[in-house]
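These are the structures in question, set out in turn.
In the two complexes that follow, chain A is the common piece, with chain B as its partner first and chain C second.
Showing the complex of A and B:
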């Protein structure tokens, strides 16, 4: 597989057209990904027609560059203005935004950028070497595995979201409810539409996240009197010291591995991967209380995972002809228009083209790093924008972004509603992110639980009969019960050591 | 110094974004100055997301129609509500001929299942694109090789084969339900959301058979992991010319999806005529047919009258099946 890959890479570097297409794709992808409301899928869909007159190779190099760069682009707005440009960047903003507000926007973006690069490269390397093996594993997933993977992802999210696990679950459950609005996935019966035709379309993730994070942030700023006085945070140095990046090597590697393998799971990939990567870092950290307040690991690990998913998501498409998510579905649509059908025979019949995809992805990841290293200086200037101007910009982008996703004014109303919800959640000190994840994962969970039960003819043991599903269920239970068990253990120890020592402990707790 | 530059930069970024994102819908401003109709951009509304079959077909049409008209033809995806949102968008658009929709056979089923769906009498069929014939596929490890094997196995043990298909009303569900009613058998129908997940379900072994169009399984068929038992059309499919039709195997069975362009009701007759000729001419172009084949489409354009007849035919075939399955919730026929 290496020869066609190197050949394609040499082509890109020596052919000015390919080079220009890839660089252009990276720039467009970064910008579109950074715009709230324009997800990676949207970015691809907008630029798809541009690729039609091109040759298949050119089209693929261009679109892969857009895809790969838009994933990093999503974290730019997450870090700078607390709106995830793409849903996969929701976790990045947990620590990215606090760090940016503390005057270290450049650092936060650099962490994200380097993590993206490493994640993208590792995802690609694994794609090149073991794609067929991952594909086999991904394809052994049936509905019970999907259902339990989703449960695992939700648990990890509740565990990692700011505040207690209990609060996370509470808000996540609300997200699950929102996910039930619209057509029942298995019977096509409209549910929870309250008689409004537009609610039959369900609640799209983009208006929800844009409202929940973007508009709510605007409202919070309007509500706080000091907003004007708070003014502009200092920008400080752009690039973080080298050693702080080196210190992030392990989180980035862990995140990349998690992203590649979980990213290959069709449909649920990146949302679960970023949650798992973040929770993992929190668990391994000696100082988990820094998470949510600008911990560099909290940016690096999920960002690496998010970008490693690009390689992972391409696996089912390349090897089996099954697009794992909406992004690869658009890519596959582009291939079909050119008369190329990805699938098990693509490797055998057209190895050169497989090389083009790999080479294109490799170059795109490298170009994203190079371009953004130059651009970060300009990008962080956004932080200098006076708060009141920035807020107007965010509000305008929120409206435009949520309209654009389906060309529907109703999505703007939905965005406004969730802006209010996000504001209220903030007042109640409840984390907002689990709601977004509940909305993404809820429908996947429901659909797969029910389908598993149809296939098993109503037998619930289907979820513990299959080993992968069982392991994920047990892991979720451990993650949920661990805090309770740990608390019990502490109490027990405290009781054994006598009351004298528990008194001061309690005081520090309160 | 940076301060004064950075603000407009951000605003410009936003403006550029809005323009880019809305380009699909607001292309009306770029209308060419041709005399008479059409003299501004025509929008083809696709009711499914970019990258799907409907979208690919629409974009091919938009690409090739440029040969025959000077106005831009753009594709806009209005998605949601299981495809109903985009259809409604077209039906409620101004009947000036500048908004065109593309529909599949699920339109017909939808109007009985969903009380909010657009009814056939609210739209005007324009030009037929082509059929997307149904087919029956099984995993090779089931050992089933012909349609007869399949039917026999189900007759011996009703419900013993799990079949992957759309949610009720979707075209691959209809094909499965038609097989059941036509041959008096019963399978266990497992719903998936769309073709790709159904393919994944069959490959993972969660279901043993599927009723998808053949282009979903060409590679797996050639690799020998999936057997395509038969194609439910009058002729064999060009992608897998060695797979016999149901008819060749002695089962008189034709079913599947199709695609057609349509207009909202009330477009002036001369404009309907102009559009009908424009798109019929485009789709009859051998270069277009060839491009369609490359993407896996059978292209057999028909005029508005024949298109309407074809839709009625589908309606008559599937209504009894939906009725029997208890899926007729609205617009019940007397």
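Showing the complex of A and C:
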């Protein structure tokens, strides 16, 4: 279990290319994460094309570094300008920004940085221990289970996305349809090509994700004219007193555990993990009134949780092929792009590659600490870039990136189409993530449904005869029906309370 | 869970194109329901059109053991159509009910979000991006990109707000330097490192 990990780590440290990719990924991830308006998902999506020509190992080390560092980067803008750079940093600003206002921005950044490091390492450690166990258990998976795991993953992502689960699933269904464009893998029959030759080879993951998460976000930012991070305060001294860091050990550990486990639940994600970690610290604190006014625990616990989520979210993605959030969905897209299908077979057939993921993440977490201790002042300078200049740069990068995948102008048009789709989705308050996920998982779902039906000779009960498949199907149904049931229950209660309240009112009126 | 109250965030970046959490927490207006329903229906109609004109796709539906390439498209299109109709129906019902009762009609999304003007810049960007590849093929990648980036940065800088020649000169210098930086980084990344055959 540890050999491939140590081997990968040794490779990163001894091969200049890998070392440069990882360090470059960390720097890019920190900066992009710190920029308001660029989420971790967007950072991954716009850098996905850059990783395309690399070998699978190089691409993974690079993207994991971007992912991991962008999670910390998000807290930089949360602390300095009170705008979370990434959704997971939302809670960090509650106490980070007041500290920065009090002239202790450097200390706040250090609390976040050390908490991130500890959270990231604990998340990774739990990933290394738990993933092989789950992958082992999942070795009994056959086509019906894989098909249901896909349905389960799609439902969970729709459930965790803002808005109605039902609508999220419909957006996922649109993604599934996009995944069917082109030649059918089993029969070579072209589908949904509308007579265009370039659609027969299918819709590539890259133009879709770049459009949905890159261009659409650029359009939204330009439309809302959100202020950039121009009013960055002075940082002051960076290293806080050693004793104050030691005092934060427990909040960091608690946050890390909460983050890993909530991150590993496909329906949850970092935004929930950080809120739980913050609430937990507040409840345990003897002086809860300090929270919201610059309490170091209020930075340390959620930041540890936020970064521990990275390891946690990789557990279902690597072992079952079910991404826990949008970021891991894009990472999974990157793996599939390189011909690697995450799931139990990855562990059995490609333990070396699993080691690369572990090693890449370990190095990235350590490098984020080192780079930021040394370079944080320079990174903060980059944040002063005006918003609109940055957004136009990202738009130009989106075009070049989607072109570079297959050297085709048509991919640029596909990217623009999904940019528009993503923008419209935002206006309609529909989540975009399930669409990308549908495209990524569509072919896997179809292949497994059809294979299961071939084996069962067309008998659909194959999906409910097998216990694991049945459980995943039932859980999906629960996630789908729970919000409806809860809303019905609330309405029922409100109706009762409403009648109860009107009567006394009438009495006073009369 | 009895968690202590957590102050609301100032502004949350949307992750993965999703609407900001605060906005998503508001109940959907009937008019938006109708638009959402129509959005899904448009996708379904496009899909059905393609399936209906595809003769090959049905050739082996349940002909052999493999259920064939039409199975999943039919299932998913059916689901999207049903879902679209359900959302449309609920929107219609709520709209009619809202009209019946005073003051409960849903405000139009355009009005609540400050008019159509806020879509001008995003859609303008999309429009210029749509012609950018054609220009790229005509005058080359570097020139087209420099033109596109510089034009947009200048357009977004907001000339009217800048007073006097000094500020404008500075804005122009910033725009020129950032254009050079962006074009340089893209050229270095895609042409020199990845060898993408950009025109």
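Going forward, the second predicted complex is superposed on the first by the 270 of 510 C-alpha atoms of A that agree within 3 Å, B and C clash if a C-alpha of one lies under 4 Å from a C-alpha of the other, contacts with A are read in each partner's own complex, and residues count from 1 in each chain.
In the analysis below, a residue touches a chain if its C-beta (ideal position, glycine included) is under 8 Å from a C-beta of that chain, and two chains touch if they have at least 3 such contacts.
Just so it is clear, the model here is predicted, and its values are computed rather than measured.
Asker: Look at A:187 in the shared chain and tell me whether it touches chain B only, chain C only, both, or neither; answer first, second, both or neither.
Answerer: So A:187 meets both chain B and chain C here.
Asker: Of the partners chain B and chain C, which touch A:366 in the superposed model: first, second, both, neither?
Answerer: Neither: A:366 stays clear of chain B and chain C.
Asker: I want to verify the contact counts: of chain B and chain C, which reaches more residues of chain A?
Answerer: Counting contacted residues of chain A, the larger count belongs to C.
Asker: If you stack the two complexes on chain A, which partner ends up touching A:93: first (chain B), second (chain C), both, or neither?
Answerer: Only chain C; A:93 stays clear of chain B.
Asker: One more residue to check, A:19. First (chain B), second (chain C), both or neither?
Answerer: The answer is neither, since A:19 touches no partner chain.
Asker: In the superposed arrangement, which partner chain does A:253 touch: chain B (first), chain C (second), both, or neither?
Answerer: Once the two structures are laid over each other on A, A:253 reaches no partner at all.
Asker: Tell me which partner A:102 touches in the superposition: chain B (first), chain C (second), both or neither.
Answerer: After superposition on chain A, A:102 lies in contact with neither partner.
Asker: Is A:167 contacted by the first partner chain B, the second partner chain C, both or neither?
Answerer: second
Asker: Now for A:397: first (chain B), second (chain C), both, or neither, which partner does it touch?
Answerer: Both: A:397 reaches chain B and chain C.
Asker: Touch check for A:424: first (chain B), second (chain C), both, or neither?
Answerer: second
Asker: Need the overlap of the two footprints on chain A, from chain B and from chain C, as residue ranges.
Answerer: 37-38, 41, 52, 184, 186-187, 190, 326, 385-386, 389, 393, 396-397, 400-401, 403-404, 407, 454
Asker: Chain A touches which residues of chain B in the complex?
Answerer: Within the complex, chain B contacts chain A at residues 2-3, 5-7, 9-11, 13-14, 16-18, 20-25, 49-52, 55-56, 59-60, 63, 75-82, 84-85, 88, 113-114, 116, 162, 167-170, 188, 190-193, 196-197, 199-201, 203-207, 215, 218-220, 222-223, 225, 294-296.
Asker: Show which residues of chain A lie in contact with chain B when the two form their complex.
Answerer: Chain A reaches chain B through residues 31-32, 35, 37-38, 41-42, 44-46, 48-49, 52, 139-143, 182-188, 190, 197-198, 200-202, 204, 266-267, 316, 320-323, 326, 329-334, 336-339, 341, 343-346, 378, 381-382, 384-386, 389-390, 393, 396-397, 400-401, 403-404, 406-408, 447, 451, 454-455.
Asker: Which positions of chain C touch chain A when the two form their complex?
Answerer: Residue list for chain C touching chain A: 1, 3-4, 6-7, 9-21, 23-25, 28, 32, 35-36, 39-40, 43, 47, 50-51, 54, 56-57, 59-60, 62, 65-69, 71-73, 76-77, 79-80, 83-84, 87, 109, 118-119, 121-123, 125-126, 129-130, 132-133, 137, 141, 145, 148-149, 152-153, 156-157, 174-175, 178, 182-183, 185-186, 189-190, 194-198.
Asker: Which residues of chain A touch chain C in their complex?
Answerer: 36-41, 50, 52-53, 82-87, 90-91, 93-94, 161-164, 166-167, 169-170, 173-174, 176-177, 180, 184, 186-187, 189-194, 212-213, 215-220, 222-224, 226, 271, 275-276, 278-279, 282-283, 288, 292, 326, 385-386, 388-389, 392-393, 395-397, 399-401, 403-404, 407, 409, 412-413, 416, 419-420, 422-433, 436, 445-446, 449-450, 453-454, 457-458
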